[in-house]
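Here it is, the structure, as structure tokens.
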Amino acid sequence: AAEGRIRIAEQFGIGYLPLHVIRYQKLIEKHGKAQGVDIQVEWAQLSGGAAMNDALLSDSIDVGAGGVGPLLTIWDRTKGNANVMGIATLNAMPLFLTTTNPNVKTVKDFTEKDKIALPAVKVSVQARTLQMAAEQAFGEGKFDALDRFTVSLPHPDGTTALLSGSSITGHFSAPPFQYQQLQDPKVRKVLSSYDVLGGASTFNSVWSKKAFRDSNPKTFAAFVGALREAMDVINKDHKQAATIYLATNKADMDIATIVKMLADPDIQFTVAPKNTSKYAEFMHKVGALKNKPASWKDYFFEDVHGEQGS
Amino acid sequence: MARPAGAMRQPRNYDDPSAAQGTLRPLLDVSGVTLQYKTARQLVTATYRVQFQVHAADRFILLGPSGCGKSSLLKAVGGFLKPVEGSISLNGRDVHGPGPDRMMVFQEFDQLLPWKTVVQNVAYPLIATRKAGRKEAHEKALDCIARVNLSKFADAHPHTLSGGMKQRVAIARALAMEPDILLMDEPFAALDALTRRRMQEELLQLWDDLRFTLLFVTHSIEEALIVGSRILVLSPHPGQVKAELNCHHYDHRAAGGAEFQAMHRRIHDMLFADAVETHV
Amino acid sequence: MSDAVLRREPPLRPEFERTVVDAGPIGDVARPLSAWERLTDQTALRRTVLLLAIALLWEGYARWLDNPLVFPTFSDTILALWDGIRNDGLPTMAWVSLSTLLQGYVVAVVLAVVMTSVAVSTRIGNDLLSTLTSMFNPLPAIALLPIAMLWFGLGTVSLTFVLVHAVLWPLALNMHSGFMAVPETLRMAGRNYGLSGLRYVFGILIPAAFPAILTGLKIGWAFAWRTLIAAELVFGVSSGKGGLGWFIFQNRNELYIDKVFAGLVVVILIGLFIENVVFRWIEGHTVRHWGMLR
Amino acid sequence: MARPAGAMRQPRNYDDPSAAQGTLRPLLDVSGVTLQYKTARQLVTATYRVQFQVHAADRFILLGPSGCGKSSLLKAVGGFLKPVEGSISLNGRDVHGPGPDRMMVFQEFDQLLPWKTVVQNVAYPLIATRKAGRKEAHEKALDCIARVNLSKFADAHPHTLSGGMKQRVAIARALAMEPDILLMDEPFAALDALTRRRMQEELLQLWDDLRFTLLFVTHSIEEALIVGSRILVLSPHPGQVKAELNCHHYDHRAAGGAEFQAMHRRIHDMLFADAVETHV
Amino acid sequence: MSDAVLRREPPLRPEFERTVVDAGPIGDVARPLSAWERLTDQTALRRTVLLLAIALLWEGYARWLDNPLVFPTFSDTILALWDGIRNDGLPTMAWVSLSTLLQGYVVAVVLAVVMTSVAVSTRIGNDLLSTLTSMFNPLPAIALLPIAMLWFGLGTVSLTFVLVHAVLWPLALNMHSGFMAVPETLRMAGRNYGLSGLRYVFGILIPAAFPAILTGLKIGWAFAWRTLIAAELVFGVSSGKGGLGWFIFQNRNELYIDKVFAGLVVVILIGLFIENVVFRWIEGHTVRHWGMLR
């Protein structure tokens, strides 16, 4: 394809703030000009990993965005043909397992009577993290000990189900739902993904086909440059970032809530992958990945290889 | 099986009025009945202030030109149509809706239930009204089907029958019910001369056996004279009563006679006079 | 048989003739209706009362339930609707959805006519329609999504494609079985005029099967909405103009359940309008007017 | 408007055979035609090896008892039914499917298009076959509707008509087409004596004007004699040819006469003989 | 008018009488069919050939496309299907889905009969059905999710509820318009027998409207599948004993597109079976046998 066009898909949520900033401040256009190309940017919002994959593989978009799990899966499946790889990460965020059951202090305390909602049983990042936590709690190989308590529910439905006191007593979700849940005194945090992985971990990344990067080097570079600049904007001025978030999402949330979220040390906006290889190893071990990456550099383009990643 | 063409019903002493005077209250009292159809765009008056009384065991004929409201009148008596003016009462009680006491043979060919075979069609009303058990109804149905000469087709579905055969099934269905009042709307119109005659004889024979009350629409003067005991002559659209005539003294044997011919001509002229009025 | 029956004879009555009055000026002699009858005769009124009753039930149940995160009250929903109209551009969103939907609907109707016409004309066409319908009708929209994106990319065309899938099969099914149920006499009358091919389909089969086709159109309409709202969630928005489905999705994500319900109320209102105004009008001027439907 | 009842068609010199001898090749040749209906469970033979020829300008009557296959034969000539044996040819060419050269009046009441008004129903075939423009068709339709005496109902939809009125519309529709061959299946069965007579006269008048070929099913011997020029008498189910008779010399005025009565009786006996054979 | 026409007279022919042969032994005199005619007469054969052609087209297009992650070839799909049957318990999953589906279907059918019976008996019932249908029919299943969870919790009952929603409205629509289109004469015949209420509905209306009802049942069946597959993802019956929808969802998430297609093929196969065996049988023994459908 000719240089000068990039189609980016994003999803819903605070995690995609860097993309919102890029869009709001027209950063790609700016970086493109610097390289001497006029870039036409098209934005789409898609609602889930599967739609993202369909769109990317059918060449409806050039850049997709989503969780670590889908990135690893699509990298694994397209290795050798479409060659999809990560461009960079968007953030590192903790994912919380919350509960309304007062008897549950650790994951070991879940019983038959409990139901844990996840966005997708077995395959979502939350499900993988829960499996890793189970393995840590119950011993090597027992990663599926909690699977039978889990049910699939989209975050909003899971949240309402948890808060309205139905049979859902546990929920492994993501920002901002987990914070909304914790505002309710009934709800407590059982686990954070940071505990399981031993530190900050990437939640969302962006990825594309190798072919796109090869045939559009300048556009691609402009996108990476824009992404880095957006990170700087966010990290320097929480207030401005929050304003942009509200403007692009038409959400009438309280600006202070967002600023507070951005100021949370657990929430980082960075292009450097954090603890992704632990996921990769685990997924390979349980058979979800056929290829075992030697390091995170196997599934990210060189553009971020200089970062302190893991 | 059908009887040979010559067999006739037993003679009755109609000509002795004192013997004939039964109850004086009519069984069916139609008084001042106006029937109208209202559609979004127009209003059609089918009959206008029609008045007649039918006594028990009458064979009452409605005779009139096409479109004069004969079917509508019959439907009103059957309880399917509400008069906008006047009243219809049966045994002194106003008619409210249809019922199995007044079995109807409709003019249309599509009155049989397509999902039932001929014998099922005839047996069904017997079963539905609990007049007979399943087996009894079946036997009775077979018997009536034989009378209309359709035994060969007892297990056929209605859509495989010819027009006349369908009408014969409908007749068998009505006869099997042995209702107190039988409403028949040109039941023999689709039948050939031979079959028609046989059906007329069957009907009269059955009447002789059961003495039900018959309300019969026809457009054939001859049929009216043979089948009926009293004839109501209606004017063209909208139907109004033109005359009521006695005709209990004619049967098939009388058909050739001079008196019969005179009566035929009288009615004929009555109807044709109209035509001249209207169309010249 | 008892003798009593045998002897039952009607009384002899005198004959008479009457002169007939001129029937020209007979007007409407219907009895005037009572006020109550006239009131309950008004379909619009009866249905409005019914809708009010449903709204009251909703309000009552929601208040009793007292769980606005799951089931907001009717009044809250109406407030959210008002807010959505004023601040979130709900009418524009509804219009975006509606216009996409109409496109898909029209395409599907045309396709259904073409396919069923072929199906009634040739035996292999019949086989093809029947096979394709039984194959594709049960497939959920998501199954078509990859193909749609492959062929048409992201955007309205893909949505239209999925909508066509939602409308085409039920409409074709209804149309075809309507065609098949056209009485033989009518068919023969049509062929007697020398009609064949499309002229036969449009001249005879379509009007004769119109009650069934209308049902198909109604079902197709409803399923187009269902599919559109579900598909908009997945396809999301491109180039910034989301529809009703997106509005619902977004508000669900932000847990504004009253706004979710407001979005659904818009769908319901459009549905009521289409049924009670558009389809009712069509029915009144076609099948009811022709006496093909009570 | 309809003519007064007395008006008759012009006299024709039927009795001079030399004048009548036109072409010798028949227009319609039905030879050895067996018609069968096959359903999943049974096989019904409607007619068996029926043979007859219709010449141009014939008024050919099919007469026979109910269910003997008259309608089926007519449908086969109309091209709606394929014979399983024998052949039907028109002008020397095999009949393949229906066409507007053979306009058909069906026996059923539901042959009108319910979505068209009376006048539209009559005009539509003219327009569909491009025999006339819209306006011309409309005028012609109104004219034919007047002939069947339904002008008042020109804008009514078929479901608001009585049975006889529907049939009259179907007749008007066929007449308006002025086809070369007119196939009529008991068209007057639902009509009263008066209307029936007027329709018969209209039909004969039109025949006299246009000299089309008429194939006419009836179950009335009298009607057969008056309307027809030649009668095919069929046996009961399955229909086979029993006789072919000439009757071009009878019209309404002849109906009372002795010769007419004799012919009537002859056919009557022919049909009733059957009845005795079959039913005793 | 030309004189030629006026003078056209048929020739006079002699009269004749014939004796009629005994018609008793007339058998089937149908001409024997040619081998080709007999072959193409076999609906099953024609449809099998058609299916093979569709499979070939699929294989060809997919090979040409060469994008197995979006559109796998037919052969790959069949291999994946085989693999799914042997290793992933696909038959069990299909059975899980099918049994849930049947439950919802049966409930919906019963409800539809009840609702339309009420609707034809009373005017307010008619209003109610029409209003409810036009309100709820366009609502996507996700709109019912919160309510379903509230009332029935997670699990099969909720799924059934959503299925009922998918089947009920289109079936009720078809049923009701079928009832409305029953010819007046048949209605009158039924009422003449003194039938009313449910006996009237079951004795007259349902059989008379059976072609329309069958169409409704077919559409309902298809939409039950569509909804089930979409809803299983969301309601995701507790992990472990998922159905076909779950199988498809999981494999889509893991990008095993050939398995996704294998799952869809199972849906298609079930659809073909139901249409060509079950519904065909029903049609053959009812509406076709009764001459109500060609």
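Annotations for the structure displayed:
In order of appearance the chains are A, B, C, D and E, and numbering begins at 1 in each one.
Rule of thumb we're sticking to: a contact is a pair of C-beta atoms (placed from the backbone, for glycine too) under 8 Å apart; a residue touches a chain by one contact, two chains touch by 3 or more.
The shown structure was predicted, so the numbers you read here are calculated from the model rather than taken from an experiment.
The minimum number of touch steps separating subunit A from subunit E is 1.
Considering every other chain in turn, the ones in contact with both subunit D and subunit E prove to be B, C. When each chain is reduced to the average of its Cα atoms, A sits farthest from subunit D.
Of all chain pairs, the one linked by the largest number of contacting C-beta pairs is C-E. Compared with subunit B, the chain whose C-alpha mean position is the greatest distance off is A.
Chain geometry summary: the mean Cα position of subunit B and that of subunit C are 43 Å apart. The distance from the centre of subunit A to the centre of subunit D, with each centre set as the mean of the Cα atoms, comes to 82 Å. Under the contact definition stated at the top, the residues of subunit A that touch 2 or more other chains are 50, 54, 57-58, 154, 157, 160, 164.
Counting partners per residue, subunit E has 67, 70, 146, 149-150, 252, 289, 292 as the residues that reach two or more other chains. In subunit D, the residues that reach two or more other chains under the touch definition are 108, 110, 157, 160, 237.
The complete set of chain-chain contacts reads A-C, A-E, B-C, B-D, B-E, C-D, C-E, D-E. Within the complex formed with subunit C, the subunit B residues making contact are 12, 14, 17, 19-24, 34, 36, 38, 40, 43, 45, 48, 55-58, 84-85, 209-211, 229-230, 235, 237-238, 240-246, 248, 270. On the side of subunit E, the complex with subunit B involves touching residues 183, 185-186, 188-189, 191-195, 199, 203-204, 207-208, 210, 286, 289-292. Contact residues on subunit B toward subunit D in their complex (touch as defined above): 1-2, 4-5, 37, 39, 42, 44, 63-67, 69, 71-72, 107-110, 149, 152, 155-156, 160-165, 168, 186, 189-196, 198, 219-221, 237, 268, 271-272, 274-276, 279-280. The part of subunit E that touches subunit D in the complex is made up of residues 1, 5-6, 8-13, 15-18, 20-21, 23, 26-31, 284, 289.
The touching residues of subunit E, when paired with subunit A in their complex, are 67, 69-70, 145-146, 149-150, 153-154, 233-240, 249-250, 252-256.
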